[in-house]
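Here come two complexes built around subunit A, the first alongside subunit B, the second alongside subunit C.
Entry: the complex of A and B
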């Protein structure tokens, strides 16, 4: 009961943060010179904002589970690039159909996750180390596979064009995120698997004694995250009409920031999908309003840092009180 | 509840900090000012930083123009999103230095459809979704470098002969391919010039140093090093200097930025560099014309000429 209250308190805090940022964005937004409309609130702008944040937000759903188990996955940025390149090659050089190319790309992401999870579970090496290694290795694999080239879809024939025209649509990219967020929220709070995930991060030793299938849970959360990174790679490929082996560099840090701002504790055990969705929205609004106001990229990084620290300080206060 | 209050007050402080930072980012647009947005693909490259600097310098002479730069941070998705933001603000002219040819075609088409005149800078895009394109010719720069190397060797060795090392930019980048192709178009006419070593420095000084060390170990004699940019030429020079072999080798670079390549040539480090024009002056000139005259239709493409920057000895 107590932990339920604590969890909700975190959610209330995150929601308050979201509200504050949202109101601030409206106040700070430039207006259209001709019509006096607030640019931030324009439907075009809000949907632009959600679409551009979709890939990171989608991966953050899986990362929430990983972090809840007390783990971390540093390989998601490399995996995103890997799957983007696989999808682009599938559609251009390998002449796969749209469905097969997407499936192959997402499964490639799942394979990276499966490898991560298996090594972590069976070798009992820290997740940080294993996924650091795969972050490096998968980036190399991606560059090797693409021969350091950007694989361009705009000139790769009719099938490729149909692919990116469909999957870069706002309704598709935002819709997929909403759908997956609902699925993962249900998975975490409505299933036995979800309880195992939390239990593992809350108290690993107790989970062992209680006979939980720890290895299977670990393998599952990393595989799910890999699959999501694969999907994010497919969407990035569609959005940029390019399979770029250098995509997603440092994306893992954006993903972790979203999860942390959403109130999930890096110590494991505490956090929620709703929180992660809120975290994704906070970052999305922040980036969007700074962009609309033409704040420089360097200042944006400093502000992101402030927001992350504020979020974590709040977590700390919560747990220590 | 106390916690929530504390949370909100901390947030308020953060927000204040944010507002002050944002405040210095931009001012309210005066209704009379014309808005020019420049979407730069990556501020963190010296060539591109020089472009930004030159833009600001030139536009500061036009008080009626509000000029803003957004930084794509070498990420195509980010640059697309920034151009989307720009379209919402309906600038009078949009200038884009694209990160990738394919990725930006769609969103630049949207800008054109919104009736915004767009200038494509230095690199074009897969479809002609721009009003005009200002660029320069890397193959021609390669030819200039190749000819310089032939002339240098002829002067040094009495004939067009000698040992040649090439350090390339990143594989798969058009500029690296063009700078190679242009130089080899000239060099291949002189079979006495021995291509002893070819390596990739990925545009980076540090990597060029490492590759040059290998080239030095493998070759007792080297006459000329041709690097696809000035930082790599400088890296090659540093590697040779460490072994006391820099006097016997001529280092040739490309880019010729004022406080980089030009300075290296002045200091006698590089024998020559070939300017890769910033393209900024022409873009500003076209912007001013587009703003002044609604009827003005620029050419579809402008190709700017390179300039040779040679050391005193030559």
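Entry: the complex of A and C
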């Protein structure tokens, strides 16, 4: 029992943080004047909260693997916009079917990730630099592709309408996230690949000596993250009924914040998918309750900053004690 | 030992006296009760085999690591040395083998930065800095522009900058820690001239080395350490080389004999004329069941040979073959595939994933055996980890214990367990007993012998000669990247091995 607590102290701490913020949200939430209901706890509010945060949370699953290997991926925000635009163009201008458009958009994200991973693995350049470059380049590509225009789906015909009506459903968005979280949790804890991801981030040099397929692991984690960013782009496109080339600016930082709050160490080797899910929930609740209390967007940013620092300081004290 | 400083024939008092200095790392004694006197204007060599404690002693003097016990006197006054600043203030400086300088700063900045004798703290004044440095550079005979980037200088010249820096802080005792090991002959000679000069200026030089010729060339007095203990001090002129080697090796050696040999006639691995950037013309054959020791000083090329066998360094010439097929590994991964395993020297940086569990570390290199469509067969994994743990006599709180919580010996056993599971045909153990306690050492010997008994070929690097004599069929001695001897371990002695390993005229013949 004691060793279980020790081994999972990061998770236990994150869960406690989630509980605290959940209770705080209930206490701080405004109530319905007529029915005396707590607005925060209304099903409609909770599901809407999850739906809004799903794209960032989905990308964070892949980012967890990237960060576990000791890397970082700054390109996910641009990739999200890229794939959103590809999906919108596919439906409105290229006259692809729903399935083909979605597939194309997700694969486009995967291609960005594959490029990131390959450059990092073969050129041995720091992930920060490579993905910074692709963050800039992919944003440019997206604007070029869309002529810097929003691509509207509402006017694009029946296929497009069916697309966004399906994907913007709360059950679809939340269901996809839950499913993917389960898959990634299994991937990390139960598979050979997951073991390699952790090992690489824990000690890259020893991974060489142990004969691990380092390049393949690196390419795989960035490709997975790219695919997830592609899916997040599709979901964003559906929810907003728009392919917006300026979507997802600074989304990579929200994603990284979620992962870090979830207890994954930026130094690599330590972290979990469950932690990332908790991190995503913490941020989602925070944004939601502040919105309910009509706190302005600027104040929200400042509070987010505080939460990030507090979470990481608490982690740091844990690992050093 | 009673006080001898009052006897006046020794001349003045020792400038520095170390009394009963002790230091242990994780329960292993690196130094025990070492007392040494150092006089002004002498070059005092401290010698011993790898791991004898000489570098530990140097680092304690320089304040890089604190002593556990003992005391120091400087000019008869008791002083404490807890950190490098203390040492600097007392006028003691250590010139590290890997210089603690900043390659991207200028020579002048390197000398002036964090220098207690240099007053400018806030603003950089290049001219004043240069004026401050030039006299010191002149003293060590280094004629460079103080504005030169340090990294652009030859290593030998960088070392002179380190000495100039020491002089600028009015150093009275300078410790040279293996300072010649990475220098070519002309720079060694250059360094010795500077040391001669320092001696004539009354500075005490402590020269840590294990190269015989150098010791006798430069030092006035020699102190021998062995297994962390003080063996004796003698004037260099009254100490024949054979006697010095005897002091370094000790007597206990010859008693330990080789266990049963498992070497069979069949050749398993062969290496002909192997050359890399640091190895010259290495040739040997390894038979099934044979344990071959690799002896040599640090930097002699033992680790480099491991890297060559494991695809970690470029092979420039020569051939290798494994089971009569050509063997040329492109990477460790490829080497493992072909049947060679290497247990690296530094288990913390090259071996283990310190934040991962015993289980994860043990099976890491053999997960393909537990793979079912990408998933790990967990139950089988637990069984395997359990079995290997028993085999290596691992003591851990459980398979889920983080390896960082284990003792050095048990960490090493986890790493060995990983390689037992890989089942290579040839093992390269790079100093597997370094920093482990005596019980774990014997467990490791047993493991090596078991593997030999199963028909594996074993290459075994060790810095402890008794260990090599005990475990190996034959011992290959390397010296400066060359193969200087291939000895039958039942027909040789630690003295002979050490003579080959330390001789600088390395044209000795391989048998």
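Going forward, the second predicted complex is superposed on the first by the 314 of 321 C-alpha atoms of A that agree within 3 Å, B and C clash if a C-alpha of one lies under 4 Å from a C-alpha of the other, contacts with A are read in each partner's own complex, and residues count from 1 in each chain.
Keep this in mind: a residue touches a chain if its C-beta (ideal position, glycine included) is under 8 Å from a C-beta of that chain, and two chains touch if they have at least 3 such contacts.
Given the structure is predicted, the values throughout are model-derived calculations rather than measurements.
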item: Fit or clash - subunit C, subunit B, common subunit A; value: fit
item: Partner chain in contact with A:247 - subunit B first, subunit C second, else both or neither; value: first
item: Geometry of the superposed three-chain model: angle at subunit A (Cα centres of subunit B and subunit C, steps of 10 degrees); value: 130
item: Touched partner set for A:133, first subunit B, second subunit C, both or neither; value: neither
item: Contacts of A:149 with subunit B and subunit C, given as first, second, both or neither; value: first
item: Touched partner set for A:28, first subunit B, second subunit C, both or neither; value: first
item: Most subunit A residues touched (candidates subunit B, subunit C); value: B
item: Contacts of A:172 with subunit B and subunit C, given as first, second, both or neither; value: neither
item: Minimum distance between Cα atoms of subunit B and subunit C in the superposition (Å); value: 18
item: Complex contacts: residues of subunit B adjacent to subunit A; value: 3-4, 6-8, 10-12, 14-15, 17-19, 21-22, 25-26, 28-29, 31, 43, 68-71, 73-78, 80-82, 84-85, 88-90, 100-103, 105-106, 126-127, 170-172
item: List of subunit A residues in touch with subunit B within their complex; value: 9, 12-13, 16-17, 20-21, 24, 28, 30, 32-34, 39, 42, 44-45, 48, 52, 55, 147-150, 152-155, 168, 236, 239-242, 244, 246-247, 288-297, 299, 302-303, 306-307, 310, 313-314, 317-318, 321
item: Subunit C-facing residues of subunit A, complex; value: 3, 7, 190-193, 195-196, 198-199, 202-203, 205-213, 269-270
item: Contacting residues of subunit C [partner subunit A, same complex]; value: 310, 312, 331-333, 335-337, 342, 344, 349-356, 360, 364-365, 367-368, 370-371, 374-376, 378, 397-398, 400-402, 418
